[in-house]
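Common to both upcoming complexes is chain A, partnered first by chain B, then by chain C.
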Partner chain A sequence: MTRSSVVTVLRVTLLWAAGISVLFPIVWIALASLKTPEQLNDPFLIAFTPNFASWQNVLSSGILGAAGRSALVALVTVGISVVVGSMGAYAIARYRAGGTLTRFGMLAAQVLPPAVLVFPFLTMAYALRLTDTLIPVIFSHLSFVLPVVTWFLIGFFEAVPRSLEEQAQVDGLTRFTAFRLVVLPQVYPGIGAAAIFGFTLSWNDLFYGLILAPGKAAILPVAIAGFNTFRGVQIGSMSAAILIAVVPVVIASFFIQRKLVQGISGGAVKF
Partner chain B sequence: MATVRFSGVNKAYGTTSVVSDLDLELPDGSFTVLVGPSGCGKSTSLRMLAGLETVTSGSITIGARDVTHLQPRDRDIAMVFQNYALYPHLTVAENIAFPLRATKTPRREALTRAATIAESLGLAKLLDRKPKDLSGGQQQRVAIGRAIIREPSVFLFDEPLSNLDAKLRVETRTELLQIQRRLGITSVYVTHDQEEAMTLSDRMVVMRDGRIAQQGTPQEVYARPADTFVAAFVGSPKMNLIDGAVSGTTFTVGDGFALTVDQTAAGGPVTLGVRPDDLLPTVSDGDGAARVILIEHLGPRAIVTIDARGTELTSVVETSRLSGITEGTPVDLAVRPGATHFFDPATGSRLSG
Partner chain C sequence: MPSLRFQHGMVAPLAALFVGVVGFPLGYAAYLSVTDYKLTDRGAPNLVGADNYVAAFSDGAFWGAFGTTALYVLVAVGLELVIGLAIALALQKQRWAKDLTRSMLLAPMFITPIAVGLTFRFLLNDQLGAIPAMLDAIGVEYDFFGPGRALFTLAFIDVWQWTPFMVLLLLAGLESIPKEPLDAARLDGASGLYVLRRITLPLLAPVLVVAILLRCLDAMKVFEYVFATTRGGPGTETETLQYFIYQTGIQFFRLGSASSMAFIVLVVVLAVIVIAFRRMERTKSR
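Up next is the complex of A and B:
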């Protein structure tokens, strides 16, 4: 065998391994959601008649309400993050606003353990009588989505030539209108990707949701966790709920994969 | 239409001075070119006029208005950048119409006027295209169309031809000049290319290290450069500058060679300046004052590099006069009468007389 065909075989094997390790859990969960509790005892059972009891249980349990609340929180969080983040990213890209400290600070915000911030949030929620509502959840999500979105967009703004907004100013626009009508359209793809990325981060959060809105305002990951009951884990129902949570995000991520890499690499990688 | 005036303009970044004491008056309708090497302050001066850079001290007026602290959009100017700065998300028609739309002209009227201008620039068939689907020359014309549409008081050009290939550059240069003449709008043009400066300008301003080295008509600057810097910068190939001493009509270099020059009142050590076009080599009977090292043929002319006892000189000779001159030929040198320049060897300034 030649050297390059060995490399190719290795590459293909690696890709298959990666693909399987990512897809296998999703497939397994999909199958699990269609099994009866008895069938679930045998994890390797593949051929069986699908049973929709788990799905019925899940859909009547208010999971869709939780999904709706998750979507609302994510949308509001992303909406605010994109508006504020794009302006922040522009300022950082053009004027190095805040210096290196700000840029690294944003990175640090993503690394910060949520346990550090959750208690202050809870205290404030109590003081404002907003416990178990979505507002504290939105604010807590902003604490990590906004820095990520801003950081993501910096590279995209740096790629827009300065002469473009200078030309717009000479042509008659104020600095802000030039930003809005000329610079922003150049980064729309980046904003779209940042929005979907931010949406995913907010959608997946369990920790803040669990502490700040554990009851009637529960968001989706919290509701999924709720299938871990006193009587044991209801695997079938939980699997169905997990699918509801996971599948939309997987599909959305597929569409933004290129821009995702571009944003995470700070615009250094261009397609 | 307006006179542009820079009065005592300074630009400094912290302690670094980029433009010092700039005093310049540009008459209404003139085409002024700011030319000089990289870092001389020409682009900064243009950008201060545009309002894209702040002025550290001094004032700039356009017509009767002091624009020193006005926003770019309030200065009634139009600008063409080196990379054209066309809006990628808009069509050609929308690009050209943009300045009108920015000042709230109704869309239909703006697009109609844009179409007329596009027509005059040969862009009529490209109105619905996006900038990325245009060639460099077409993009440039869209940028010019966008500048023209508002009929501003002043046109500003920041090296707009640098991104074009040589041939297109010459063609577009001519078009640009014709447009400016037709519209009669005061224009300020920045370039590092002295040939462009010579062909385009009514008035040429040679800049160096943030100051004006010389200003005048291209003919004045070419014929009577104020110092060795301007002398070497303007004109291609570069003027021959030789350090030596002059006495009467004889110029000598050390114990090297001697040259007969114009009568001058100056005596003693000088820097002699002779343009290649004015240095005439003739085939020598004997050893000759110098030897030809290299001949570069350009068609109607040739650039001849000559070694004169250790001093390297350049001469431009018409091909018809080249007979007998080949690489290695000994030659005598003569200077065209009236074509010698004398400069102070210490300061580089022109010596009168």
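Up next is the complex of A and C:
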């Protein structure tokens, strides 16, 4: 064997090992969601008649309501972030509006430990009698989705050539119309990626949801965590609930992986 | 100047919303951190000055959580760096089913962390889990959540979920490296390892630093895995900062002291970032 074929064998082995490590827990959970409680005691059982009791159990436990609330929180958060963020990001990218402070703020907000902001949100929600509603959850999610989305978009706007708007203004469009009709369509793919990424950030958050709305307005991660604490571990149902949470974001993620790098690095690195 | 009015108009909603959801809560947290506020209190809290900070500084459990978190970050991010770099190098050469392989290997980073935590709690459970059962079959008994091991198990969960993030950034970095120096070195007969150490890694350094920094900052916030698996145990071995502050604020209702701890963490985080950037600037100017 030559040296280069040894390297190839190592390379392929590594990728297979990585692939199996990624898939194994997911397949395992999918199998567990179809087992009866007795079958769960046998970890090596792979071939069996699927049993849908866990799925029925989960679907009637209000998990769909929690998924709906999570989707609502994520959509509202991302909607606000994209509208406000794209306007602001454009002004920052083109005119250095707000100076370095605004730009720095977007980056700095991403390193704030959630533990700093969560207690003010809780106290305010308490004072306004909004605990266990979705409103404080949306506000808290804005605190991390808005900076990330804006940061992404600054990078994407900087990649749009300036001549486009200059031409549009020569053609008699106002600055805002030029932004809306000429510049914005150029960054639609970037906005799409930022929106999906923001959605997954909001959809995946446990910490804020757990503290601000632990009860009847629980969002999906909080509801999933509930399978662990209150009724002992109901493993079959928990597995089904996990799959409900995992599938939408993993599908969504396939569409944005290329744009993601450009966004995270603020446009500095392109894929 | 109409242009100035336009740009201010565009950035104003962002600035206002940002102040509302980040600036104001941050200021409010600063205020809470100098009061004795408890969630169960009625009426206005008392100002206690730096008492909470003094108490936090002399609280052994708080510093224990600091040490636990530091060890966790070191182990998790260190492994993610090594494995992530190896996978990124392997993926770069991959031609067959390229997009599918990448999508699949990157999937874990998009999964809800609490779901990942619960999955591994089940998978590593010593009675029901597949991995202890497999180990048992070859005669090895290993309690993943036992004393001295639980924190490493948590770090391992972090590695499963976040190595893909490392891969994503490093792969992008690798693909933006100019090809000429690599080809030249190969023509000169340099070995693969030499090329990696002397050419690829130095060119990749800026991306490596950003990737390590981003991962460290994120790993510091670990909460879900602890909440899903050990709840801080055995003993206080896996009490990470975020979990410790959560307990202080939510289980013991002491919002004032919890806020002061969160601020101490914030200052340490900022210090780490400033030092990292200073280092980066210095290496650049050299």
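Quick note on the criterion: the second predicted complex is superposed on the first by the 254 of 271 C-alpha atoms of A that agree within 3 Å, B and C clash if a C-alpha of one lies under 4 Å from a C-alpha of the other, contacts with A are read in each partner's own complex, and residues count from 1 in each chain.
We take it that a contact is a pair of C-beta atoms (placed from the backbone, for glycine too) under 8 Å apart; a residue touches a chain by one contact, two chains touch by 3 or more.
Everything numeric here is computed off the predicted structure, so don't read it as measured data.
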item: Clash or fit (per the criteria above) of chain B with chain C on chain A; value: fit
item: Chain B versus chain C as contact partner of A:56, first or second or both or neither; value: neither
item: Chain C versus chain B, contacts on chain A by residue; value: C
item: Chain B versus chain C as contact partner of A:94, first or second or both or neither; value: second
item: Which of chain B and chain C A:109 touches, first, second, both or neither; value: second
item: Which of chain B and chain C A:161 touches, first, second, both or neither; value: first
item: Partner chain(s) touched by A:171 [first = chain B, second = chain C, both, neither]; value: first
item: Chain B versus chain C as contact partner of A:14, first or second or both or neither; value: second
item: Least C-alpha distance (whole Å) that remains between chain C and chain B when both complexes are overlaid; value: 8
item: Chain A residues touching chain C - in the complex, by the definition given at the top; value: 3, 7, 11-12, 14-15, 18-19, 21-23, 25-26, 28-29, 32, 40-41, 43-44, 80, 84-85, 87-92, 94-95, 97-98, 102, 105-106, 109-124, 126, 139-140, 142-143, 146-147, 150, 175-176, 179, 200, 203-204, 206-207, 210-211, 220-221, 224-225, 227-228, 233, 235, 238-239, 242, 245-246, 249-250, 252-254, 257, 260-261, 264-265, 269-271
item: Chain A-touching residues of chain B, taken from the complex the two chains share; value: 50-52, 71-73, 77-79, 81-83, 85, 87-89, 98-99, 102-103, 146, 150, 156
item: Chain A residues within the chain B interface of the complex; value: 161, 163-164, 166-174, 177, 182, 185-186
item: Residues on chain C engaged by chain A in the complex (per definition of touch); value: 2-3, 6-8, 10-11, 13-15, 17-18, 20-22, 24-26, 28-29, 32, 37, 39, 83, 86-87, 89-91, 93-94, 101-115, 118-123, 127-130, 133, 160, 168-169, 171-173, 175-176, 192, 207, 210, 214, 217, 220-221, 223-224, 227-228, 241-242, 245-246, 249-250, 255, 258-259, 261-263, 265-266, 269-270, 273
